[in-house]
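Below is one structure, written out as structure tokens; the observations come after it.
Chain IDs A, B, C and D follow the sequence of writing; residue 1 opens each chain.
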Amino acid sequence: MPTERPQAPFNRRDCRVAESHAAGGYRIFTLIDEEGPEPAPGQFYMLTTSGAAPGFAGRPFLPRAISVARVTGSRGSLRLEFLIDEVGPGTVQMAKLGSGDSCGLAGPFGSPFSMPKELNPDAVGAVLVGGGIGIAPMAVLRRHLVSRGVPTRTLLGFRDQAHSGGVDELFGCEETRLAYEDGSSGHRGYVTDLLLQILTGDDTGGAVIYTCGPPAMLEAVRVLAAGHGVPVELALESPMACGFGACFGCVVPKTGGGYLRLCVDGPVVRGDEITTAMAGEAAVGVEKDVRTRSE
Amino acid sequence: MNLATDLCGIPLASPVLNGSGTFDAIAARRAFGDAVIEEFPFAAYVSKTITRHPRAGNPPHRLWETPSGMINSIGLPNPGLDDFLTGILLEFTRLPVPLIVSVMADSAEEFAELVEAVSAVSGVAGIELNVSCPNVHSGLIVGEQPVETEALMKALRPLTDLPMIIKLTPNVANPHEVAAAAEAGGADAISLINTLKSMAIDPANGRAWLGAGAGGLSGPAVRPVALAQVRAVSQAVEIPVVGMGGIDDAESALDFILAGARVVAVGTENFRDPRAGINVKNGLEGALGRRGFASLADAQASTLS
Amino acid sequence: MNLATDLCGIPLASPVLNGSGTFDAIAARRAFGDAVIEEFPFAAYVSKTITRHPRAGNPPHRLWETPSGMINSIGLPNPGLDDFLTGILLEFTRLPVPLIVSVMADSAEEFAELVEAVSAVSGVAGIELNVSCPNVHSGLIVGEQPVETEALMKALRPLTDLPMIIKLTPNVANPHEVAAAAEAGGADAISLINTLKSMAIDPANGRAWLGAGAGGLSGPAVRPVALAQVRAVSQAVEIPVVGMGGIDDAESALDFILAGARVVAVGTENFRDPRAGINVKNGLEGALGRRGFASLADAQASTLS
Amino acid sequence: MPTERPQAPFNRRDCRVAESHAAGGYRIFTLIDEEGPEPAPGQFYMLTTSGAAPGFAGRPFLPRAISVARVTGSRGSLRLEFLIDEVGPGTVQMAKLGSGDSCGLAGPFGSPFSMPKELNPDAVGAVLVGGGIGIAPMAVLRRHLVSRGVPTRTLLGFRDQAHSGGVDELFGCEETRLAYEDGSSGHRGYVTDLLLQILTGDDTGGAVIYTCGPPAMLEAVRVLAAGHGVPVELALESPMACGFGACFGCVVPKTGGGYLRLCVDGPVVRGDEITTAMAGEAAVGVEKDVRTRSE
């Protein structure tokens, strides 16, 4: 049961690109939203670029779900910063946008993170665990918690320098602990090593965990948290077509059977709402029958 | 311009409906608030297909983006008839537009249960029969067989006074034969096209991407196929046709009307723009003018040479 | 990497053929000179379909561009069998790759004439039967009917020792049933897909754009449909499958092989780039590597889970 | 029987855009072709832009046929100037290209114009009749003829200023006579009025006519020329998919039955090779059957 969620204007609106620049292996670009409400931490937008990407016949066709990484300004002239990892035609087209260009925006959508006390009445602090591009929602959440006086520790993990970026800009000088799998900086290894130290180290009675990142990392965090009886909220991903509950495409299996639509029931879910954070990979196991009915 | 029309007796403020399963009015209200109700984007609301018993739907992945289109393999998740009747159906009946309930079953008996139950609810304006499904007795896909289709319609016709729209699958050689059989069986309208059987390969591991192995193609990529089927069907039947398949603006909507559709439905484009239905409706006056039509009725009456 | 393979006995330097009617080797030589012959873009050359008697083809317009694809309504223009035998066929036999002659007829008798005459010419490696055509006797489209297809194959099988590839239409509910019938009748290979029935409306006057009223859709827009049909067919038959439909690069070509095709054909993409066949072939090694295959044979052997 | 035609390199090559600017209602943009031969007057290229045009889902998909309007430089560094009329997604994408961008190019393709003496042994001069965007091939031909000392008169017609451009640039100060249907400059009316003056006026025994423009104008020129027994070559247009004879899509009916593939048997045809220059419109009349066989 996530906290009150801001509602989106009923439209897809053209927003002006204020700025775009490379940030490590990623890119940060900023849209000016003159209409929408301030999004809550964990919410995302559906971004639409015009035209297809060179080399990708007729793609992107659908909008792309992107978490907001930082929000400044106020309603009427919100500055929305997005952290982009160029992995395919959608993000390639976004990365091409420069100051003055326009980009289609719908949202904010989805469920926000809960406040620590909503997850654990005795909560005294929060541990944020971000991985790769998944650090974006952690950045918004950290600012949100810190501004409300919640003691917050931030752990960020990356594969290597090429797959990291935006840390200094989005987390500033704040004390964050980094892990690089290739050891190029910070702890050599997984960010979950750092989490384990915390969980085993000090008293975790008053801790609450928030996390976003690649499925394998999320699953490790989910299992660690469960093992230590610490409440956790995860921001999940799945391929989305609409972002507002229309297509039923963005599902992950939910505890007790059935599925959650990540765009409306998520993307933020409690650890106990799901049985695995690696649902995407699930497809592989399943027995396939090529002649299914059409909808 | 007055865009009012009707579909087998159901009065419509415009000829723009939604495709079943492409707009969840309740989820949209959660995301957008009451604005969705105040500016409801369609002249009638077609519910996502419901079945006799609850369905969880297919395992992920359920979506794949294709050149100018997408494949879906959703698997008809729905609460089942009983919960539908006591739950979301009541919310749907409070929408500001006529309600058309889409139903699917694996047997004439289950179809009958669904049709009778839905007909008993006041506030339902029509029923859409999704027949892209196997008959558990014959094993045949009803919508692929004129004989099965006519038999089903004949069995259901006595059970309701509501208009029955039959939604055809495009995965057949001659959709107009299935349409003619549906008309002979007592259908009040034909809607098409549903999605085209498709599949996708996972670029990472070379396996089938979709959890169910395959799915259905929709979006502008299929529009030329939909137009041809809408034309073939509308030439073969007297009853009105609901045309859909890749409509993404007023021009493409008008193409379907000129091909023989009385009204149109917007599906996949809703995902790209929640106001797609409104945009199509608002663009129709200009599109009609550019093609030299004085009114929607003129376009609906024009027969393609 | 060695990409050599074969198609029912026809040795191929790579698994990349052309789709019938999408590359005119003689016209290409006029436009590009001998370079086309020296770097011939396909491992085997499939001729445009010929018929017993000359055909002028359809009146313009014959082309319509669609989202990520195109509709063609060419109407099988060809000089007819007699002139073909004494004319362009001889030029085709001088190409540096095996020649597959595509034929179509409206009756088993005419098909027989074509098959026998073409088989008698040395330098022809195989025959492709284009069965997306009505049987003048039954009025039925042969390729839509398993029974008609099997009967035709049985009638033709004794007439030639050349491999016979049957080219299926995708405009059917169950292509794998037609494929199985063709195999039972003695076909050596199945090629698919042909184009999807489609139409377009003239934006200027609201009439049918194509001179023949309708045509066939091809290009990346149809690829998801082609992949599903190639998979369904290859699961239903033992004989090799030639997969095509929207292939525009090595990755999409490999998708077809993983779906069950032994070799692939490039069609519409030739129009966008005359070297499309070469590009697909050159990209295959990298694509195989990215998907973790040591060789083409491994990919051909892999069965999709 | 057109003169020797230069052959195209066997490829579609990326060419650098040297320059692009508006010219009246049209646009002139210049590609550097480092590989192809010098095209002959009347030949065309197939141009491919990357990505789809905003508002046109998945289009352009096919390359677009464009006549060359002026050729400078020499093989290895040919400067090809194209005159573009923005009428749809293909030309919209071309018009977006700026200096430094790249554009796919295949060609030169098609049949060139014949020299006057090939059409009439007694030919002493040429009359060029261009309309709208069709002035492009006339510009190349005029330069070609003049440089070979052929007395050449040029008549150019336009609907209005919005549908004209490039005259000064492409035809320079050379004496050309203009007709605007709206009378905004030159003769008020059709360019064929000017042609009629010439044909009825002076002795036309030694004249040869070359023309390119909208179908209705071409047809009027064809009929006028036939009526006065003056040989004429017309550069026709039809929607093309390939440009090199592969698709059989670009046909126009030919005299005596059957069809010509405009990309290989044309685009330049003699007046007596065709029965009408308005074949495109023909489609409308024909009886349509929606359930044709697929190829």
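The rule is short, and it goes like this: a contact is a pair of C-beta atoms (placed from the backbone, for glycine too) under 8 Å apart; a residue touches a chain by one contact, two chains touch by 3 or more.
Remember, it's a predicted structure, so these values are computed and weren't measured experimentally.
Q: For the pairs A-C and C-D, output the one whose chains share more C-beta pairs in contact.
A: C-D
Q: Compare the CA centroid of subunit B with every other chain's and tell me the farthest one.
A: The most distant chain relative to subunit B turns out to be D.
Q: Can you check how far apart subunit A and subunit C are, centre to centre, with Cα atoms defining each centre and the answer in Å?
A: 46
Q: Measuring centre to centre with CA averages, how many angstrom lie between subunit A and subunit B?
A: For subunit A versus subunit B, the centre distance works out to 34 Å.
Q: Report the inter-chain centroid distance for subunit A and subunit D in whole angstrom, where each centroid is the mean of the CA atoms.
A: Distance between chain centres: 54 Å.
Q: If I count partner chains per residue in subunit B, which residues reach a count of at least 2?
A: 64, 66-69, 141, 171, 196-197, 199, 205, 207-208, 214, 219-221, 228, 231, 304-305
Q: Two-or-more-chain contact residues of subunit A, please, as numbers and ranges.
A: Only 57-58, 61, 284, 288, 290-291 qualify.
Q: Mapping chain-to-chain touches, which pattern fits: line, ring, star, complete or other?
A: Chain contacts: complete, every pair touches.
Q: Looking at the complex, which residues from subunit C come into contact with subunit D?
A: Its residues touching subunit D are 20-24, 26-28, 30-33, 35-36, 39, 48-49, 56-70, 72-77, 130, 132-134, 141, 169, 171, 194-197, 199, 202, 205, 207-216, 219-221, 268, 270-275.
Q: Could you pull out which subunit A residues touch subunit B in their complex?
A: Listed in rising order, the residues of subunit A that touch subunit B are 7-12, 48, 57-63, 104, 106, 109, 238-253, 257-259, 261, 264, 279-280, 282-284, 286, 288-295.
Q: Hey, which residues of subunit D end up touching subunit B in the complex?
A: 57-58, 284, 288, 290-291
Q: Quick one: which bits of subunit D touch subunit A in the complex? Just the residue numbers, please.
A: Where subunit D meets subunit A, its residues are 50-55, 57-58, 61.
Q: For subunit B, which residues are in contact with subunit D within the complex?
A: 67-68, 220-221, 228, 231-232, 235, 248, 304-305
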